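Quick heads-up: structures coming right below.
In what follows, chain A forms one complex with chain B and a second complex with chain C.
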Partner chain A sequence: MSVPADPAAAPVPEGRLPRRAAILGGNRTPFARAGGRYAEASAQDLLVAAIDGLVARFGLAGEQLGEVVAGAVLKHSRDLNLTREAVLSTALSPRTPTYDVAQACGTGLEAAVLLANKIALGQVESGIAGGTDSASDAPIAVDDGLRRVLLALQRARTPQQRLAALSRFRPRQVVPATPRVTEPRTGLSMGEHAARTALQWHVSREDQDLLALESHRHLAEAYERGFFDDLLTPYLGLRRDDNLRPDTSLEKLAKLRPVFGRDEEGPATMTAGNSTPLTDGAAVVLLASDAWAAEHRLDVLAHLVDAQTAAVDHVRAGEGLLTAPVFAVPELLRRNGWTFDDLDLVEIHEAFASTVLATTAAWEDEEFCRTRLGLDGALGTIDRKKLNVVGSSLATGHPFAATGARILASTAKLLAERGGGRALISICAAGGQGIAALVEAP
Partner chain B sequence: MSAPVDAYARLVRQGPGAALARRLGAPRPTALRRWEAGADLLTGPALVLGIGAAPLAADVSRWLAAAGARLADAEAATDDRFGAVVLDASAVRTTADLAAVREPLAPAFRRLAANGRVLVLGALVADTTTVEAAAVQQALEGLVRTLGKEARAGATVNLLRVGEGAGEALRGPLEFLASARSAFVSGQVLEVGPARGGDAARASAGPRTAVVTGAAQGIGAAVAEVLARSGTHVVCVDLAAQGEQLARVANRVGGSALHLDITAASAPAALAEHLLRRHGGADVVVHNAGITRDRSFVNLDEAGWASVLEVNLRAPLRLTEGLLAREGALRPQARVVQLSSINGIAGAKGQANYAASKAGVIGMVRALDARLAASGGAASAVAPGFVETAMTARMPLLPREVGRRASSLQQGGLPVDVAEAVAFLAGPAAAGISGQVLRVCGQNLLGA
Partner chain C sequence: MAGPSTTPVRVLPRTPSLGRTYVRSLLAPRDGDALDLPRRSVEVRDVRADAGRLAAFARLCGFPLRAELPLPFPHLIGFGLQVDLLVREPFPFRLLGLVHVRQEFEQQRPLGADERLDVRVRATGLRPHRRGATVDLVTEVRPAGQDGEPVWRGLSRYLARGVTFPGTPAPAPAPLPAPEGPGALWRLPADLGRRFAGVSGDVNPLHLSALTAKALGFRRALAHGVWTASHSLAALGGPPPAAARFAVEFAAPVLLPSTVVHVVAERELAGRPGWSTAVRSRDGSRLHLTGRLEAL
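Coming up: the complex of A and B.
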């Protein structure tokens, strides 16, 4: 683990940062399974839609905000200025500056943390943070051999040089290299990695299916009670996440064939039902200082208290690829003097049901917590009644960079609805990384 | 600008289509002149005529000139066509006075320009003291409605009944009916009284915040746009399912979008809370959201009957109650404008539910107006005729074609025509107008 935990350092809960950034609300497109409703929309189109919906909700047309921070995981080379180009297509003032962020599935939350920190330091008063991804409109790279041929061709000055370059061309090079969700250093897909972690923590198929079922049930209930009416704006005729299966059941989920972990020694438990599908969508949150919120007559839903990233060594040490939050969370809690008992809501991103279950299992394991997290005993048990109460990625789908802003906006609204409380958000990301944040009602 | 969807109107406007239509005596609708930023009030000089003492004529001339109109001299030997003819008949009290109307008005009416305006100013029948005076003032209505039908080339004819002490309050309605903003208003009667509430502050400021329900498309979207033209922040309300279009409208007009089903039990409190917290109250509420479920009365099932009453009548009643109940949700001098329909006035085959709801809201604004008066506010209704929107595009071909042509202007209106009337009634220009129903129907033959 890489979190520099210094047990001697006293927790400094309040006033560690100059001021806390306020979360005023959010907006997202409904999420669509890849190749579906948004097949023709680009990541930029999706981001524009998410921002414009937010602008409309908060009456920000023509406003110049402090900045807009966003990113995409599947990014075209032409999108080097993705967020800026998106903002120029929205109703915001073109004088709103932007920058792009990338941290795999942590992008959306990391973008919010960066913006919140600038707000905390008084460098900006307001801004929008989030992310977008289109697996349908994913960049297709040319084969690396062909790319070299083309580059050599471009450098060639004489006909001979051109011929020489072309002679290196091979017909098989025209097959494009499509992006895969595989880890460059292990060659394993994320699912295969997660399957290994699931085995390591003895996560059962039944528990995974149950978590998936709860995700769908919670999301469906939230839609029914209008929870998303002010968190979501329909896009291209889609009004709800089309991955949502309100009528799914344990029986249906149990029938699905395992798709990951079939080459492992041990039961293969991960199916299409308890893993997230490739998804298209975008999500954003509106952050500001309390003063800006008051000036604009906007209610503060919650404050972003603190955040922590972590990374594991999944390459040499064989640590679980998606287990970095296991390390980030205890450090984050310690630094703020919070325990699991202080939490009213817990959001653990459901990359796979097994990821959530392996994470909570690690925190319940005394031995692991003592030896790996440097704690006196188990970190504790997450009360399932507080976990992902309006559903999470298994039901909504997971457009990588959008997930952080989706979770942050929902969490802030849940806290505002309860009229108080504290929440933890934990998101795992590719490359063995993770990010966690604490949120508190005002 | 012409109605883009009305292919017939385009066909007969010029070329061989026009010649054929002329030979057959078929209707040849004129492209109506509509509001444009910076355009002149009128298309030609204004002629102001008076009968007897004509106590309003001098003010009217002054106001028109101030609004940029050139004043015409009836005697002058030019063949200028008049952009507007205003006849002050407010002092007409006897049949002899009435007889004197023809002589100046007929030649002026003949010289009316395309898209010209005729405005007759009468007295409030209630202000008259003799039976004869009441009769001749009522007679003006028959005259105006007939001239509306005889007017050509997009010209309109309307009657303003001016109450005693109306004073400056006449100015707004006069300008509205003289302008291109009233393109689809003809054959109508409006009563003007003294301005309600301390109008001075409001007159200069205009409304700050307005709510428009059903703002995602059609008439509601146009209302949002016209209200925003004068700097009003418009809270655009529609169903969450309409959110994509709603966001586009809200951002275009620099307003905000609120996803709300107006029939939800929680809607009145939610709207009141939103207005109070986000805007410190609203100055204008436009109840525009509406639905149709057409069926002959005997074939109408419970759901078809109830759902239309629920959206069109019960929801505006409950929303208004909710806003009135919450201190500060409506600012002093607030205006409520309700969308009715000429089918609510005249009834329409297959629309028992709709007509009942749209008649119901007329009753609502009359009663509500009395309540709002206490704080200087007012309630009014606008009753559109045939307007080119998604609602009317769903009509079967024949009734749709009949609906378009069965008016003096021989065409359907555009959403902006209704929106102009709504914005007028919601704004400072209508300080002297309350509790009334303004038809925006091109003088449709229905329920006239």
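Coming up: the complex of A and C.
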């Protein structure tokens, strides 16, 4: 017998979790352009390397953590227990439970949010969250027609049934199916979607190139001052992200030919220089309760305050595929009573330079904010001096599921360096989804 | 005292190709009169693990591809030198027909996958055995250009059957403890030996096919002992202790294809963490390998 819900039950106070999960640190492999230094490494190898480095840095060998949560976007069907298999190859106690999550490019941050929520509820005291991806070691599947023939053959009991199954075989089916970065419901690549959004928001080529240049400059400066020394472990001979071009310039970026949006009515502005390349790498963060951190004599860099996901209708309503964070962020800020003025740092994942610029343009547009976001006026302007201050995906590269943990660890460290402050993280994802999170120094 | 620095060394320009060396071993059999070991060691300098070979070895043996070399990997670099020593130096036994009876891998610290290394092999410890005589081929690895204690050491003990060697065989050393109980099933494919030959360069016909193994007196191809040892270590899960020794003793060979059972037991030794492993036939009647991993 079911019990009717009690309408008088006290609602959960908005923006108030029982306790906040602490971010203690992070680790990642340097990111490598696909087909390069990590061509022989699997997504699982990369995740093992990222966790190994974290375990070494925080003295976690033999430790039984509450859980490890991670995922990969390009995933082999044999990797159903990717995170579990990775953990069994690390120095963590094999009694550490795990699970895999997937939310396209939001995977790494979503993993951290799930873990943080369990910590907030007291279900676990500590854990590792992150993601890994290898575009080099991507799964290749048999042609779907061939797969159906093979499955029918397996079910067949009589020679006639076997013959019927075999008669559906066509020679062209021997060509395997490689994964494509196209949206299943639109047939457009992510870049083609982003090009449409760029046109819609009148994002110029110059602004995109400038944002790409700043990403490379900021990342190069951060490496120079040793910012990543305790956020990264060298792997297979790589000590820095090999997509980083410290010597790039506006002139060099301006020479590149547009690769996306050439079929649109309007200028094609997106090039290989202001779009992220396919990349291999893994990143993880260590989260815990304050009590666990104190017990293990580890400093708290920051707390994960709250998070919000959103999705748009990119199929029927023609909303920008990568614009879901435009909707997630205002709701997240409202619930916590924060405004852009409260933020000291803003991290907007640079899937494409145009994505970042279209997102900020939407928040500055009074009519859009009134009609689409239900606000009284424009959400506000992001101060560029606070945006992606140690570089982002345009310079580091973007192993899809790893990006969230990369950004979260860097943001927490930046807040700890400042000795206080608040930060916003916003990540767009395939399928018209997005995730945003608020982080605050202790 | 004759330390490593006083031993004459022959430096090779690169790790030798094994296919050619095997042919040479077949064409130029030893006379077997002199039972002296070569006094020279052979060495390659300033080499590092080939990235593709390392990845293939890791995949085939079940190791993750780490920033550090899997504990057994330097043996693959040293193996070419072992064969060169056996074939080009005045070595008393023929290469083909030697039986690998014991293998040790020992590291003072993990070696980086991109570290430049000097690798040296020497022969030592010729002694009588109840079935012939055994010899130890010792591989020492140092960071390129550095003297002193090796950071990695391998010992491969080979048995030359039917050789008469003066002296009484020493009593067999206490065998490594073989853990009992249920274990993991390893389903080993028929081409495992060929695949490992592709990675290790050890094209010994015993491992390549049933036909070539028959020519040497075995019913089917044999799994390579170094693969079985490496897979046993990989099956332990996490990385070994930073300073560690993995010693294995080979009993009955593993015929391919076959399904064997691998058993692991955690066993502390003198207060330090340690693990014992054993590989047996599926019905438990034959012991193939026993191994012990210990922290140094």
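Criterion: the second predicted complex is superposed on the first by the 427 of 442 C-alpha atoms of A that agree within 3 Å, B and C clash if a C-alpha of one lies under 4 Å from a C-alpha of the other, contacts with A are read in each partner's own complex, and residues count from 1 in each chain.
The definition used in the following text is that contacts are C-beta pairs under 8 Å (C-beta built on N, C-alpha and C of every residue); 3 or more make two chains touch, one makes a residue touch a chain.
Note that the structure is predicted; figures quoted are calculated from it, not measured.
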item: Simultaneous placement of chain C and chain B on chain A, clash or fit; value: clash
item: First, second, both or neither for A:E40, with chain B first and chain C second; value: second
item: Partner, of chain C and chain B, that touches more residues belonging to chain A; value: B
item: First (chain B), second (chain C), both or neither touched by A:R57; value: first
item: Which superposed partner A:L80 touches (first chain B, second chain C, both, neither); value: neither
item: Which superposed partner A:G226 touches (first chain B, second chain C, both, neither); value: first
item: Which superposed partner A:R297 touches (first chain B, second chain C, both, neither); value: first
item: Partner chain in contact with A:V48 - chain B first, chain C second, else both or neither; value: second
item: Which superposed partner A:Y235 touches (first chain B, second chain C, both, neither); value: both
item: Contacts of A:A91 with chain B and chain C, given as first, second, both or neither; value: both
item: Superposed model, chain C segment overlapping chain B, candidates 73-81, 127-135 or 145-153; value: 145-153
item: Residues of chain A at both interfaces, chain B in one complex, chain C in the other; value: 49, 52, 90-91, 233-237
item: Residues of chain C touching chain A in the complex; value: 51-52, 54-56, 58, 63-67, 113-114, 237-239
item: Chain B to chain A touching residues, read off their complex; value: 233, 236, 240-244, 246-248, 250-260, 264, 277-280
item: Chain A residues touching chain C - in the complex, by the definition given at the top; value: 40-42, 44-45, 48-49, 52, 86, 88-92, 94, 233-237
item: Chain B-facing residues of chain A, complex; value: 49, 52-53, 55-59, 61-62, 90-91, 226, 228-230, 232-237, 239, 297-299
